[in-house]
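Scroll down for the structure; my scribbles are underneath it.
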Amino acid sequence: MRVKDVKKVVLAYSGGLDTSVILKWLQTTYQCEVVTFTADLGQGEELGPARDKALLLGIKPENIFIDDLRETFVKDFVFPMFRANALYEGMYLLGTSIARPLIAQRQIEIAEMVGADAVAHGATGKGNDQVRFEIGYYALKPDVKVIAPWREWDLTSRTALIAFAEQHQIPIAKDKRGEAPFSVDANLLHSSSEGKILEEPWDAADEMVWQRTISPTDAPDKVTEITIEFEHGDAVGINGERLSPATLLTKLNALGKENGIGRLDLVENRFVGMKSRGCYETPGGTILYVAHRAMESITLDREACHLKDSLMPRYAEIIYNGFWFSPERRMLQALIDESQKSVTGTVRLKLYKGNTIVSGRKSPNSLYSMKHVTFEDDQGAYDQFDAQGFIKLNALRLRLGAMAGRKGGAL
Amino acid sequence: MRVKDVKKVVLAYSGGLDTSVILKWLQTTYQCEVVTFTADLGQGEELGPARDKALLLGIKPENIFIDDLRETFVKDFVFPMFRANALYEGMYLLGTSIARPLIAQRQIEIAEMVGADAVAHGATGKGNDQVRFEIGYYALKPDVKVIAPWREWDLTSRTALIAFAEQHQIPIAKDKRGEAPFSVDANLLHSSSEGKILEEPWDAADEMVWQRTISPTDAPDKVTEITIEFEHGDAVGINGERLSPATLLTKLNALGKENGIGRLDLVENRFVGMKSRGCYETPGGTILYVAHRAMESITLDREACHLKDSLMPRYAEIIYNGFWFSPERRMLQALIDESQKSVTGTVRLKLYKGNTIVSGRKSPNSLYSMKHVTFEDDQGAYDQFDAQGFIKLNALRLRLGAMAGRKGGAL
Amino acid sequence: MRVKDVKKVVLAYSGGLDTSVILKWLQTTYQCEVVTFTADLGQGEELGPARDKALLLGIKPENIFIDDLRETFVKDFVFPMFRANALYEGMYLLGTSIARPLIAQRQIEIAEMVGADAVAHGATGKGNDQVRFEIGYYALKPDVKVIAPWREWDLTSRTALIAFAEQHQIPIAKDKRGEAPFSVDANLLHSSSEGKILEEPWDAADEMVWQRTISPTDAPDKVTEITIEFEHGDAVGINGERLSPATLLTKLNALGKENGIGRLDLVENRFVGMKSRGCYETPGGTILYVAHRAMESITLDREACHLKDSLMPRYAEIIYNGFWFSPERRMLQALIDESQKSVTGTVRLKLYKGNTIVSGRKSPNSLYSMKHVTFEDDQGAYDQFDAQGFIKLNALRLRLGAMAGRKGGAL
Amino acid sequence: MRVKDVKKVVLAYSGGLDTSVILKWLQTTYQCEVVTFTADLGQGEELGPARDKALLLGIKPENIFIDDLRETFVKDFVFPMFRANALYEGMYLLGTSIARPLIAQRQIEIAEMVGADAVAHGATGKGNDQVRFEIGYYALKPDVKVIAPWREWDLTSRTALIAFAEQHQIPIAKDKRGEAPFSVDANLLHSSSEGKILEEPWDAADEMVWQRTISPTDAPDKVTEITIEFEHGDAVGINGERLSPATLLTKLNALGKENGIGRLDLVENRFVGMKSRGCYETPGGTILYVAHRAMESITLDREACHLKDSLMPRYAEIIYNGFWFSPERRMLQALIDESQKSVTGTVRLKLYKGNTIVSGRKSPNSLYSMKHVTFEDDQGAYDQFDAQGFIKLNALRLRLGAMAGRKGGAL
């Protein structure tokens, strides 16, 4: 079911071979005007070449959009998500998932600006990213036409793709002629690798897969101690120095990288129904996750903490599945943000060969009461007799059950 | 509200100074017969001295019960809990919490056997353990009388305690005269330290606090690779060698210890309403947790996994709060156990200086399908066109919302 | 994407005009052998004519399957679901949803028996039923070919359908020539009406829509009192008479019908992404729902009840969406069934003009304790002093919060 | 553990015999100044006599506080709760629970105003209300001293209470000398009856128990049709007439009462651990609940609705247990309120002999799309082919499971 009568399409364009082929393919297949959008989300690539290449491929200068979205990415997407301590399937910090809605959002903004009726992306038909992009598109512009070349074209082999590129004078870097041994996605939060040599889940990942971190075994044999400062649930500084969101995450990435922190080799469940194996590197995010939990540990009420924890898997699943722009994510975000008002203070960490170790936490809003918890005399702050009534009424239903023959909580 | 007319009491007796004082105090206060129960849960202490000391304090031989519960502990308590990947407040593997119900259960069994009408324990009035013991007692024997000396007596200072001991000829080891710098609880799953020098959450824990693990910085600078074999969700072997539950956990503890694995410095929320700081060591349990998640990653259906994950915080809270013997824990256990039928296979891990790194997983029941996930030609296993319909119907409600003016999932 | 090379297809065949047209269309389109499967799920129609019509349309006698599945339906599908008190979106008793997996299951059994490679159903492309059928098919026979004529053919108008029928000598009942004013689905649990004259949600449903119940206004102006007996969560008798599952539900349906009980006019959210309006009649099911809750109210532990309640929406959604045959439904069922062991006893109800009123409940397993709850002297069963400690420790975290400046549970 | 050194206490004072005895008992027991607080929450009693009686019992005029809190009650407590469709244990509209935090709040405000160090209430030691009052007190004023006479004094029989009243010249209404056959609590939302003649859950409630509604059997044999208008989740008018919150609820109560709507005979689980039986009347609230759900049915996104539904049991439990002033209630409220932005429009209802029947709903924000749902030709709004891909990818994990030998969603 291809869309029809496309007039102008905004393409998420990296400047690489694949999206350059897509660019040409869109022109030739749909006979439509192509607008390119290239974003810097901290993937670590120059954007200049993308502009040059777009020009070379015949895109009009006014149809080339290049944006540095790093601060927006961290401030409005990464940080809100980290307030939730989001982990998909108990492990994954959602580094790829969280970048997609921002790209979709900006693509639609550009489409509205330039009067485009369609958008296109370079995600494959088996992955989650197509879902994340397209859910975003539809939620923001319900009448948009969506083109997903990888689901539509017949360039299904590397050979066919290269042939198409040659036929259309698309420059091909030497190292792009062959097949990459695995596929990579990267942004300021993380880098992911999957496919090809990583497909067998029993085989250990080759060291060359890891690009953002050095191995714990290669990391320096000394402890690096840092502090992270938080305000209302967001990190605002490192070692007492106040930093913008993207600057802060960049610095944490450097710290994580050199200490071998943030690697994850995972088999996960995709929204489209299959399992896949990914190797993720989230150096700064891993440190941030540990620090944020520690910050909450002294500033968050128990039930607030437990309520958040009980909803976290659902929140993570929503983001993983691509529903950032949805009522349910917004509702959960309202709940989470409400909880972060007093999550302010400082956490001290030791970074060492893959480990992120909490060694201290303090806050002007601390709920930790030395007076109550102390093994020393608490001067009446806590009446131990209260515990008896507390226990007895908590046990009452179980006692009534046991008296009725249901011992040990039997049903 | 002290209980009255106690005839015979079963005391959870460690053989240490505190429970020896309790023993004497029970005799003098309640004028009742005292039965001692000492369990080996892998805390790493000899049980012989406990028997000698009980005899010395006048307990009749037939009133001294000493049990090796290590296999029961791991098989019927630790393993069922690990099937759930239980973490309290995102971090804590519940090492203390899970031991209490077994002690309570055995204490009540002995009480029934010897015709005792009361039970007593040595937990303080500020902690969680009193709740865990007593909820267990009441659930198993609803008419039992419960004595919690620390909530009742006036031996509230170390001096008073020592004086009472001396007055009653209770032997006092030299190093027990002074105050311990922190309080310790241990069993085969973990060791916890808290109180005194650990009370200030900004102060880093002193190295002497850690007793079950060497520091990551002191661990050998080489990777130890192991495999763990699972059947139906439980670990059954290491490196291909089949082991009993307690033997297996003992071996994992040794592996974890020497590789600096399993330390946790945490501020947590107690059921009795205050925050407390604990330093936990769960060397084998930490390895087991990571391995079990990896085993599930290829054998568990996505929604089964997500359902488990969404209920895990509640399950962990139930155990933390002391409700092991409750209908709600049994119901959740039924759900969890149902999920583990095919969680069988092998996980390969690298242990290195505090890190537990998954490097492979395989299973006869694997749901991971190379044919579907491959970047290579899948020969029709997966039709990429299906993704379009999948996305469009998943997006339909958001499109309808956007058409009604609620763009981007607005409410 | 039509399936190809179909050899033999099992069609869910009602004997009505639409599925007769499908039957013929399958023969002509796929040139394949057609096997018909007609089930009695209590929809209230004779099955004899279905056989005659199938024969008339050229189906070989050995390819005609007619089964009375009423007892299986109630025992293995309706009752397990009612143990959960399942309501979709707070209101809907899932009468259509719960019948689909049984039809799918039997269709696949027949396919395996006769060596068919395909199955077909008569559900439309906009509804939930196509999902429920097909999810069931795929879960039970992953390589099955699925044919959904309403999504495939071009008989999209009534005129075209009638023309096709005439062309192929399919008998057309007089009242089937025109368009029905709404569409109906029925089984022993319920009857649903939707579409056409019901599409405008502001318009009240016409009285002719309701077919299984008389109007509350027309019901007799006198109270009918009944008792329902339960064992382990399932109804087993009415007024002391033991009845088989289907007989019992049939009798409850009669009682509900004549007392105007069980009508629901609802706008609901379909799994395929749109809202729809349905008029449902579940006379017996409504009575059963109220009675089951009342039975649980005295036999179920509080936390068991709350845990069930918290999972009910998820369970109902799973069934509504068509995932009866799924790991997550099985896991939740294990939890629910575990809870029902003691849900045994008797509930007394008053039925009156649309109302189902609980007037008494009793059980040999009752957890209701007169001794504890009484306003009279309870002779020490409950110590009111315990409440003080209970409250104080429950309030402790809030007091600590308020002392830290967060009054009234502020964050 | 009685509190000590009370200087001034604010008593929640109804003017009835019991709280008058408490008033005197506080004076004599604590030798402290007593401040009375009497609130009109719509319980249906004159407040003038309470003032007279307080004066008679020696309370200084400046220590007598009488407030009409009806509008606050409905606007800030009842309406926020109804946004959540809160039902405790699937049935109970929380009429008593929701009034307690407001009383506690106002009592503490007065305590702060008059410089009182203590508060007192007349709730018994077995019920939930003591918890609700005291949790509120502590959360709002953590250092407050709480006096709960029913847990403390020895006036445990009616005879003793009357004797104390006579001894202290407290006037006793004739009908208060004997024991009431059951206990009543009432406010604008509901009336509850429990205890004494209601204690046996098998016995039907006597008709005299019901005070706020006529019996369905006595209600007029004609349908009353009304509309309710909503804005952002709150009811704002009836039959097109805009009404203040309390006026609106008062009018709904009258409509419910005369049509026999809102009775509930329930066995519920108390927070203090026992089951109790209550007879509740919530005439207006029952109508409001049904209408609000219907309003949401066309204005709320599916996942927003399901998320709310999945959290509702927890929200209801929080309120039932007395934690209105808690972080967790505030967080959930933020989520719920976020969802209500577009819940605006009109619902039409038929009231008839106990039934509240939805007969229409409309909204300027409706998400119901005739174009998509129609059985008629939808002119391309919905592509039925999309359903195939939707189903196939939703089924993929189950197919993979079945291929691995786990047919039918087996684990």
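Here the chain labels run A, B, C and D in written order, and each chain numbers its own residues starting at 1.
As a working rule, contacts are C-beta pairs under 8 Å (C-beta built on N, C-alpha and C of every residue); 3 or more make two chains touch, one makes a residue touch a chain.
Since the structure is predicted, the reported quantities are computational estimates derived from the model, not experimental observations.
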Between chain B and chain D, how many steps is the shortest route if every step has to go to a touching chain? 1
Which of B-D, B-C or A-D has the same interface as A-C, meaning more than half of the contact pairs match by residue number? B-D
Taking each chain's mean CA coordinate, chain A and chain D are separated, in whole Å, by 42
If you average the CA atoms of chain A and of chain B, how far apart do the two points sit, in angstrom? 32
Would you pick out the residues of chain B that each touch at least 2 other chains? 1, 269, 272-274, 301-304, 306, 314, 323, 326-328, 330-331, 338-339, 366-367, 369, 372, 382-383, 385-388, 390, 392-398, 400-401, 403, 406, 409-411
Chain C - residues contacting chain D, complex: 1, 85, 89-91, 105, 124-126, 130-131, 134-135, 138-143, 148, 150-151, 156-157, 183, 195-196, 199-205, 216-217, 221, 223, 263, 265-269, 272-277, 293-294, 297-298, 302, 305-306, 309-310, 312-314, 317, 323-331, 348, 352-355, 357-362, 366-370, 372-377, 382, 384-385, 387-388, 390-392, 394-395, 398-403, 406-411
Touching residues on chain D, where the partner in the complex is chain A: 1, 269, 272-274, 300-301, 303-304, 306-308, 314, 323, 326-328, 330-332, 334-339, 383, 385-386, 393-397, 400
Touching residues (chain side chain D, partner chain B) in the complex: 301-304, 338-342, 365-367, 369, 372, 382-383, 385-390, 392-394, 396-398, 400-401, 403-406, 409-411
